[in-house]
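Each of the two complexes below includes subunit A, the first together with subunit B, the second together with subunit C.
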Partner chain A sequence: MLKSITKEDFFTRVGELSNDFEIIGPMELPLKGIFYQSILNTEDLYLGDGFAIEPIKKFFLEPSTRLLRYPWKNEPGVESFSPPERERIAIGVRPCEAKGLVLLDSVFDPPASSDLIPNSAPGAGKKSSNRAGSTYQDAFYTNNRKRTIIVGLACGRPDRCCFCTSLGVSPAGTTGMDVLLFEIEGGFAIEIITDRGKGIFGALGKELSEEEKKLLTSVNNKREDLLEKKIRVPESMDTIFTSDYWDKVSRSCISCGICTYLCPTCHCFDLIDERRIKLRCYDGCSFPHFTLHASGENPRPTKKERYRQRVFHKFDYFKINFGENLCVGCGRCIRFCPVKIDIGDIVDKAPLSKKR
Partner chain B sequence: MNVELRKKAKELLKTKQVEMIIGYQRGPDGISATPVFITREEEAENLIWDVYCVYNLSNYLKDFPGKKIGIIAKECDVRSIIVLLQENQLKRDDIFIIGVECSGVIAEHTLASGKESPGELDFDEKCKACRPSTPRLYDYLVSQKDQKDKGVLPEENPYQDIRKFEAKSIEERFKFWQEEFSRCIRCYACRQICPMCYCPRCVADQTMPTWFSRAPDLEGNLAWNVIRAFHLAGRCIDCGECERACPVGIPLREVNKKIEKDIKELFDYEAGAGVDQKPLLSCFDQNDPEDFIR
Partner chain C sequence: MKNIYLPHVVEIVDVQEETPDVKTFKLKFRDNVVEESFDYRPGQFVELSVFGEGEAPFCFSNSPTRRNVIECSVKRMGQVTEALHEMDTGDTVGIRGPYGNGFPLEDLKGKNLLFVAGGIGLAPLRSLINYCLDNRKDYKTLTIVNGARTSKDLMYRNEYPVWEKAKDTSLHLTVDCQEENWTCMVGVVPKVLEQIKPTCGNSVAIVCGPPIMIKFTMPTLLKLGFCEDAIITTLEMKMKCGLGQCGRCNIGHLYVCKDGPVFSYSQLKDKNFQF
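Our next item is the complex of A and B:
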């Protein structure tokens, strides 16, 4: 269902919805950039061409999640935190980020399947194929997904770091969206994708005229051409695991967490005990202490092994386990890398033909 | 001057005076510079030096202990090498400094706005407090005579903004920093890019015990950012890399500058001024002011 709606009507509707829903959306902070935040005034909502620094991931797989609290003294058992119930609408989510959520779903919220036993230890469920998959429903992530409606915004100006089309994502892709907005003159074209989307925006706007439809289709057809960066993604990287290529490409890495923390699909985490609370916080394979064992042994002791882990997790292991690349080409890791390491370039130029 | 730079690099590698040269090369976008590590003579052709070479490469020296390393360094980078030498993190004989004359580098974030040529781009803030200069320490100097940069003049009062901020009430200042630090995502890019942050196990990574919350919420963020700044007291040479690396735009240089200013006023000390100078915290003078100890 495709309709058109004026900006005023759209924002008025969002204002109404904010009575029943928490509104999450991009907000522009002067001189700082664009940040997804809980929006209190609808006029703060930024629906321009710029991209948020952090992906929408942080509202689903949170930077820190309180998992449980230990009781005082020697009382048995643990207290659990009741999951938040407030329903949310995330507005302005980009197609790459929404696709990122769908990829995270396969890890934290896998589709229930009769021959997979949910909530059991990994490997306990019968595998329906030779893919390892996931059988674990993460209560916190699943709850966040369930209570959030995704209202996307098609991209009008991909920058030179964007390479989503190389990973099967389109600047107007609807994967993972309940509603997708397209900026048109005077307002938005609004595509209702799911019943949840229909529930909030269904009664709004008017049918697009044939002419408007044609115009939108022609704009949409050109969107993919706006991307300058195109990369070749190999089927497997198995043959170059031991290559000295990884040493070369990781040498300038400073081992910070920007690429992993800002990635819409990276999901490594660390469990931390603080003041009787067990927390789940982001972790990243770029950090020197990633996979450092209590014994002092580290199977990934240098930048070479850690950077290779990042590339292999995205373009090899995840594909083996879940059938897809764990990258949506959003370009954040390139845009914000302090030393301009370009994962697209590195994957594209990987010396697969030669076994070095 | 790139010709001279490359020639010298080749010579150093050929005569085995160094095993590797850390320098700059043109990035894949054709505009910006990226770090490059050169071990073969022919690779020296990639070396460049111009206004796009913003990075402080001295951060990489710790990656190659015991090796003879050549490094391309501008004045601010050299000052951080000096602090590393003072703190016995480097052996002077292990490094060969190819000094480059610098009259300011560009503010990298302005590149994202689509501007490309040096004339259109702003100079980095850190350069506005620095004199166009020849490095104070080098083994070989590549002079900039064939390249005429517009250059930047030092601000008359480099601490003007800090003084203005100091004049605000405690509440206002606290509110400002709370807002800034609330955005911190604890990626530790500020730490990882800092040549002075070389602790083998950072206090932020310790879990037995945890010294401050590892969760990226205000409490832990305040603690982390204050600890980071204090640990750099008397050591930060204002290369500005932390602020450049920060993905969420926290003005980290302002914290560093405030401490730098206090140290200058209290102890008349400037970090990285010379190899013979002792680190601030290891020199004690009976006449040191102590009014702030209560």
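Our next item is the complex of A and C:
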């Protein structure tokens, strides 16, 4: 269902909704850039062409989540923090980020498993018939997903780092969205995708005129052509695991981890006890301590192994387990890498013909 | 929805000093209902937490067949184990689990079993050995090869007389270098295996020890005639969540915490040891 709505009407409606919902959206912060924030005044909502520096992921898998509160020494009982209940609307989410959330669902919100013991022994030497990946639903992530309605915004001006189309994401893709907005003359065209979306914006706007529809279709048809960066994503990278290619491409990496923190699909985390509270915090495969054993053993001792893990997790392992690449082509890791490492280029130019 | 990180509170009811740097903790659930329902297989593990210090994975070192407590053997190594070693009977810790696949008990039935352990690697094997002894008719001969750096580092010494006396069971102890008053074997585990020449017919070898021991034991076992499917090992890896989510313990697309920690040699070889 496609309708058109003036900017004024849209923002008025958002203002009304803010009585019942927490509104999350991009906001331009002076001297900093665009960031997703909890929006208190609807005028602050930035719905232009620019991209938020951090992905919307941070409202679902928070940089740090409080999981448990411990008792004082020898007091009984460990308490669980209860996930917040307030319903939210995230406005201005880009198609790549929404797709990223769908990918995260397969890790943190897998189909429920009924038995308490994780898996029956698969039998060494045999392939496990169990579902790939985790079988545990994470209450915190799942709750954040359930309480949030996603209102997307189609991309009108992808930049030189964007390569979503190479990964099956469209600048006007609706995967993971409840509503999708398209910027048009004087306002938005609004596409209602789910019942949840209908619930908040269904009564709004008027039907698009034939002319407007035609115009929107022609704009939409051209959206994908706006992307300059196109990469070839191989089916499997298995043949180049031991290649010295990884040495070469990881040489300039400074192991800062910005690529993992800003990625809409990176989800590796650490569990940390801070005095009486257990926290879950972002972690990254580029950090040396990520796999360091207490014994001093480290299965990924150098940047080569660590960077290779990042590429393989995204373009090989995740695909084996879930059938999709763990990358949506948002370009953040390229845009913000301090040493200009370009994962798109690295995947595109991987010397697949070279055998192990 | 349940908080998957919420541990069961358990009380330390006994602490056994195994070696200068390894202690075995006997843990009892505070909640009887949990104790009744908590079930595990040899080879699985728990995330054990010292409140305020952190969590670390430890395998069950006792057999589920003779359990009124949970036993975990802990080597003093890092922050969590350091804190654990400071604890005493009456203190409480948390455990969540069991996680992982455990040993393929069904596949081992009717086989001769060769247990190869190095140092604290005997912990998960002790669970399996005692399980086999308690289901003796299901398994054929049990050969236990247990190595340690020095005789002081040999684990579970009070089990040895029982294992030696058990039917169709043999125990071979070895230390790396000759010591005074040492009457058993001398030499690293692979060398000792070559001397013992365990039968490879209808046999499965179960190997657990430090990475260096595993590395050199595998070729020896292959040379002795064990096929790649008949060598299984249980791996150590840094595992934070145990749930298959935190993303660090993978070997290729397999997660050690969920798809392992028990793997066959052929599985690891197929994966080209993609750490």
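Throughout what follows, the second predicted complex is superposed on the first by the 332 of 356 C-alpha atoms of A that agree within 3 Å, B and C clash if a C-alpha of one lies under 4 Å from a C-alpha of the other, contacts with A are read in each partner's own complex, and residues count from 1 in each chain.
Please note the rule applied: a residue touches a chain if its C-beta (ideal position, glycine included) is under 8 Å from a C-beta of that chain, and two chains touch if they have at least 3 such contacts.
What you see is a predicted model; the values in this text were computed from it and never measured.
**Q** Overlaying on subunit A: subunit B and subunit C, fit or clash?
**A** Because the two structures are overlaid on the shared chain, the partners are seen to fit without clashing.
**Q** For A:Pro63, decide between first (touching subunit B), second (touching subunit C), both and neither.
**A** Only subunit B; A:Pro63 stays clear of subunit C.
**Q** After the superposition on A, what does A:Phe51 contact: first (subunit B), second (subunit C), both or neither?
**A** Neither partner.
**Q** For A:His267, is the partner it touches subunit B (first), subunit C (second), both, or none of the two (neither)?
**A** second
**Q** Using the superposed model, give me the angle at subunit A's CA centre between the CA centres of subunit B and subunit C, as a multiple of 10 °.
**A** 90
**Q** Between subunit B and subunit C, whom does A:Val107 touch in the aligned arrangement: first, second, both, or neither?
**A** Only subunit C is touched by A:Val107; subunit B is not.
**Q** Have a look at where A:Thr142 lands relative to subunit B and subunit C in the superposition and call it first, second, both or neither.
**A** second
**Q** Just subunit B (first), just subunit C (second), both, or neither: which does A:Cys281 touch?
**A** A:Cys281 contacts subunit B only, not subunit C.
**Q** Have a look at where A:Phe21 lands relative to subunit B and subunit C in the superposition and call it first, second, both or neither.
**A** neither
**Q** Report for A:Ser252: first if it touches subunit B alone, second if subunit C alone, otherwise both or neither.
**A** first
**Q** Check whether subunit B or subunit C contacts more residues of subunit A in the superposed model.
**A** Answer, by number of touched residues of subunit A: C.
**Q** With the two structures placed on a shared chain A, what shortest C-alpha distance in Å links subunit B and subunit C?
**A** 5
**Q** Can you list the residues of subunit A that touch subunit B in one structure and subunit C in the other?
**A** Correct list for subunit A: 270, 272-273.
**Q** Looking at the complex, which residues from subunit B come into contact with subunit A?
**A** 27-29, 32, 34-37, 55, 59-60, 63, 112, 183, 185-189, 191-193, 201, 205, 207, 210, 213-217, 241, 244-245, 247-249
**Q** Can you check the complex and tell me which residues of subunit A touch subunit B?
**A** Residue list for subunit A touching subunit B: 29, 31-33, 35, 53-54, 63-64, 159-160, 251-252, 254-258, 261-262, 270, 272-274, 279, 281-282, 284, 287, 289, 335-336, 338-340, 342, 345.
**Q** Which residues, counting only subunit C, touch subunit A once they are in their complex?
**A** 1-7, 9, 30, 37, 39-41, 43, 49, 51-56, 77-81, 90-92, 94, 98-107, 210-211, 228-229, 232, 236-238, 240-241, 243-250, 252-253, 255, 258-259, 262-264, 266-267, 272, 274-275
**Q** Residue numbers of subunit A touching subunit C in their complex, please.
**A** 67-68, 70-71, 74, 76-78, 80-81, 107-108, 116-119, 121-125, 128, 132-140, 142-143, 238, 241-242, 267-273, 275-276, 278, 280, 283, 285, 290-295, 297, 299-300, 305, 309, 312-313, 316-318, 320-321, 356
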